[in-house]
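Lettered A, B, C and D in written order, each chain numbered from 1.
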Amino acid sequence: MNSTQKVVKFRGGVHPREGKELTASRELRIAPLLEKYIVPIRQSIGAPPTLCVKKGDAVKKGQRIAEPGGFVSVPLHSPTSGTVGDVVEIIGVTGAAEQAVEIIADGQDEWGAGLDPIPNWENTDRELLKKRILDAGIVGMGGAAFPTHVKLSPPPEKNIDTLIINGAECEPYLTADHRLMLDRGEAALIGASIAAKILKVDRVFVGIEENKPDAIQKMTELASKYKINVVPLRVRYPQGAEKQLIYALTGRKVVEGGLPMDVGCVVMNVGTAAAVHNAVVLGEPLIERITTVTGSPVADPANFLFRIGTPIRKALELCGGVTTPPAKVIMGGPMMGFAQSNIEVPITKNSSGVLLMAPEEVEQFMGNPCIRCGRCVAACPMNLLIPQLSVMVEAEKFDMAEHNYVMDCMECGICAYVCPAKRPLVQHFRRAKAEILAKRRKK
Amino acid sequence: MDTIILSVIVVGITGMVLGAFIAVAAKKFAVELDPRIDEVAGMLPGANCGGCGFAGCSDLAKNIVEGKAPAGRCPVCAAETVEKIAAYLGQAAEKKEKMVAVVLCSGTLSNSKMAAGYNGVLDCRSANLLNGGGKACRFGCIGFGTCARTCKFGAIEVIDGLAVVHPELCVGCGQCAEICPRKMIKLVPAAAPVHVYCNSLEKPVLRRKKCAGACISCRKCVKAEPEKMSSQGFMVRVNYSNAPDASIVEKAQCPAKCLLTPEEHLKAVRDGIKKNEGAA
Amino acid sequence: MSEENNTVKLPEPGSLIVSSSPHLHENSSISKIMLQVLLCLLPAVLAAVWFFGLPALKVMVYCVAFCMLLEYLWCRLMKQKSTLCDFSAAVTGLILALNLPSHSQWWLCAVGSFVAIIIAKQVFGGLGQNPFNPAAVGRVALLIGFTGPMTTQWVAPTPGAFVGAFDAVTTATPLTLAKAGAFQATTSATPLSVAKNCAENVDPFAALQTADSYWNYFIGNMGGSLGETSALAILIGAIGLLAFRLIRWEIPVAVLGTMAIFTWIVHTTSPSTTPGPLFHLLTGGAMIGAFFMATDMVTSPLTRRGCVIFGAGIGIITCVIRIWGGFPEGMSFAIVIMNALVPLIDRFCFKRPFGWTHASGGAK
Amino acid sequence: MSLNEWLVITIGAILVNNMVLARILGICPFLGVSKKLSTALGMSGALIFVMTLASFAASVLYNCLISVKHSIPALGLRNVDISFTRILLFIVVIAALVQLVEIIMQKFSPTLYGALGIYLPLITTNCCVLGAAELNVNANRTVLGSTVFGLCSGIGFAIAVILFASLRERLELSKIPRPFQGAAIALITAGILAMAFMGFSGLVK
């Protein structure tokens, strides 16, 4: 235990209203079994998996229903026992159409013959553990959904010396990781130890923002058993962003276009660490996750343990519906989450929250001109010259924007948050990044 | 008189000396340039629309002269111009058909059902990354007019949230088809008199829920002219390699009012607004 | 299950708004910023009314009204949504007014407002797009076009005498001013013009540099444009600007610092050329220029380093014009010239993204 | 010459009587090549070069050939004044110089040549090059003084055009009302810039 780890301040950042009090102190609830789950087939970055069951097949809980489509890809598992339904086209989290498979529950919720628990993982071969993490279909549960086994397989020339477990949860409103650390802290720490063993690192940090003192205390107590340091972090969005977190904890800067492993770090969400524990010690694939359902219109906001594939509609029903009609339903946190056009969208492996916002809380983006007040420049954690970038994108000068490092934008949303002109900056930059990537691919 | 003589001498000598200098320099630093490039560039339209894929008309001229591009590469040129260029360069001109762009969609705001309110950049390509704007149909025109802003010839107009191509202004450069994020602007032979104004691949029941102007796939038109219409899955299209004439509108009696000539389509779109205003 | 469904209220389909993240916004807006600037200008306005009486108020009302009227007319003409509500025109008008002599005629205000709002701002596309500070351009245009009314018709301050000040308007000729008698040479013209006129004398600035006169300069008891006189009032407003996070402190510090250093060097090497640094900081448009005009968000650089260069440039150009140039005051010229340099400054004070190294940047 | 006179020549040519912003000479290349900073830089370089050389050549020509009274006994000419031909001769010299620059540039920097386009030949008859030569004659400068004046006028042009180009690059990105797009806004910007430069008036007499 060592909480005297020196923490470096990263540049910029903001402190939006937290909204975490809605759910932070409420007990974790376990969602009841549904009649039908809609499981999106592609739930991670990388190659989409291929379905290995047909309509009408009987499946057990935790049975593999899709095979990985490549190295950067993970298998998919049935959230419950039942039969496979149609493959349907749904509107996914990002608003694009995607494929999903329906699983019709039989109500038995029987585990299939899946993965064997490996209780004495300390003495197990590292490759075997890695394979287990792949087989369990674990992806980064903080947001990016990057396959965890890939993260844990750095090329041999990269000298990894630090594992960082991200419990910062800097997104306002979300408390899923907070609840997880309080209720399943030990699992997360064991998962972290497993990952540390796979990576052969001794230095493991758990970074937690100071606005969660109970989680810090709990984790510090638990961590004394393991060789893990719990480090309180400054409350500052985007403390949980990978590059900023690494900088805060180690003082190392990930170069532009680089990966954390370039500076000897691997960053893992606490939820992912807990999932690693479940996969290895309990032999359970990733079929459920803790998700915050919150926002002022929600009648009874709380954290839930949802099966993957639960539609937002069902999640809201469990919360007692809404008290006032919301203006926005957001999958994820308010800073980086995606606004949804309908409530049939299912919860996926990286859905950390479902946030509803009342009409009076929603401020509309406007096409106002930039007044170059420079607040975004002061707040941008990536040090970008946003006023210039945004006018370049508006004038569709994407080459110019590329030269001005628009590709370094991580879409944290701080610029649009502070903008007094309410310019849709993140949308501009997403567009620019998409256009530039398309152009690069063409070449 | 003296003054004149001396002036002439001085100016003349200075001129000659400098002239000699330039002549030497021109010889020494001579750069070969093909004069045909300028000639060809002069024959091209000079709109620099980029429809040919090169950086402007003079770049295309350079490539035509160097044989890297065919004389008819310019999509805007009239056939005579292409022939003229080919004749100038001593090449045989290939025949090309005049193409125009067409937006195969009837999804005006009056016709469309909205899936959600859209709040953001009013640009199709930006909107496409964000739930595709507000309209429920995911195949139709987004309607923020990125194509209209791209068109160098002012041939596209956004009426009631639907882009409409004016065929008489369109030169068929294809820039709009390129920029449309839904890739739903098609280049079709200008000779085709009618189009099916719906781009949806969904089941007709679903698409009618989302858009009052959608094709219902009744295939009346296909039955009327089986050779000249084509249907794939639920999508009905004019067979552009063997296009029907305008009389098919009469014959087919399209119940969804989807099979129309461009003029009728334009009128229908304009009437849609009026009807809406009347209702409001 | 279905019974439960009926009792639970869920969002209506089609009622939701989709937009890009983020979904939270800080509580700020353009109009709020502009109102805060107006609030910060209040001390200067009050000081101007205190020293120059109701005519000063008249000038300010004229300028603000003309600016807002022109903005409104332009929006009508261009068939745009009216941008009156963002109050940027009011800010421009008020700053312009503070740059005018107290007894300016209405037409002077009108011409200045026209140049500021139409020529310097709206033809460039309106708020946020103008490369030059509208008020500074307005003042520069008036200085060049109407040099007489702008540089010679100063009226002595009459602290607290609101109505008496009106009399001065009706008889505002140099003769009557001289007849009033109570004025000294320093107050019938701006101290800067005096400094210029006496530059040939051996020790011409002794009268200008007494402790008393410095105190007068500081509180604003001297001739000059409405907002130029009271350094105290501007400083109070500046505290507000900094507290509201409306300006970057680098710019005023750089402007005033450079002016102080520059004039100190010139003054010590050749005392008969110019008065000392304190004189320069407290007189003329130094204060209002440094705090309210140079710091205009739209026309100043984005980076800290850029702001320092920008401010230093303004300081140097101002001093050069003041000491050696033909005009007594160079602040607004300097601001406009440096405004023109802002795109270049922004280009060369480029910020590297977080994590940028020479290795990664060079490899690109 | 004294230091003061050199100051008058340099500061005067660069700031106070700036070729473009105060004398309003050379507006054609000023507006023509200022769309992009890179071409503005190229044009500035070319113009500084041409102006320095042209001022030098013209001054030499004027001092040695044109301003002296000629007597050629062989032709029976005595004390003939041909100074009225100076504009003619200046143009010939400048044109030849520009041709030379053009030929060399086409050889060694075809991209810059392409970017400058029509404006390079336009220097030939450019008023600011000819103006510099004429101003030198009017001010009775020595050859060295003329060359420095030419150089500084060129630098003054360069400052103006580079400033202007960077401004126009920013204007390119802003939403200027339709009627003012293009040359209109460029001229308005140039006017405001010229107004600001008038602040320097009185620095040197």
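Here is the rule we use: a residue touches a chain if its C-beta (ideal position, glycine included) is under 8 Å from a C-beta of that chain, and two chains touch if they have at least 3 such contacts.
Quick caveat, the model's predicted, so the values are computed rather than measured.
Asker: Consider the two chain pairs A-B and A-C; indicate the one with the greater count of contacting C-beta pairs.
Answerer: A-C is joined by more C-beta pairs in contact.
Asker: With chain centres defined as mean CA positions, report which chain is farthest from subunit D.
Answerer: Of all chains, A has its centre farthest from that of subunit D.
Asker: Taking the mean of the C-alpha atoms as each chain's centre, how many Å separate subunit A from subunit C?
Answerer: Here the centre of subunit C sits 48 Å away from the centre of subunit A.
Asker: If you average the Cα atoms of subunit A and of subunit B to get two centres, how far apart are those centres in Å?
Answerer: Averaging C-alpha atoms per chain gives centres 43 Å apart.
Asker: Express in whole angstrom the distance between the two chain centres, defined as the mean CA positions of subunit C and subunit D.
Answerer: Computed value for the inter-centroid distance: 35 Å.
Asker: Quick one: report the Å distance separating subunit B from subunit C, using the average Cα coordinate of each chain.
Answerer: The separation of the two C-alpha centroids amounts to 50 Å.
Asker: Would you mind listing the residues of subunit D that make contact with two or more other chains?
Answerer: 174-175
Asker: What are the residues of subunit A that contact at least two other chains?
Answerer: In subunit A, the residues touching two or more other chains are 95, 339, 341-342, 364-365, 369, 388, 424, 427, 430.
Asker: Which subunit B residues sit where two or more other chains touch them?
Answerer: Within subunit B, residues 115-116, 119-121, 130-131 contact more than one other chain.
Asker: If each chain is a dot and touching chains are joined, what shape do you get: line, ring, star, complete or other?
Answerer: Topology of touching chains reads as complete, every chain touching all others.
Asker: Under the stated contact criterion, what part of subunit A meets subunit B in this complex?
Answerer: Residues of subunit A touching subunit B: 91, 95-97, 339, 341-342, 364-365, 367, 424, 427-428, 430-431, 434-435.
Asker: Which of the residues in subunit D end up touching subunit A in this complex?
Answerer: These residues of subunit D touch subunit A: 172-175.
Asker: In the complex formed with subunit C, which residues of subunit B make contact?
Answerer: 113-121, 130-131, 134
Asker: Mind listing the subunit C positions that touch subunit B in their complex?
Answerer: Contact set of subunit C toward subunit B: 13-20.
Asker: Within the complex, which stretch of subunit D touches subunit B?
Answerer: 61, 65-66, 70, 72, 75-78, 80-82, 84-85, 88-89, 92-93, 95-96, 99-100, 103-104, 106-108, 110
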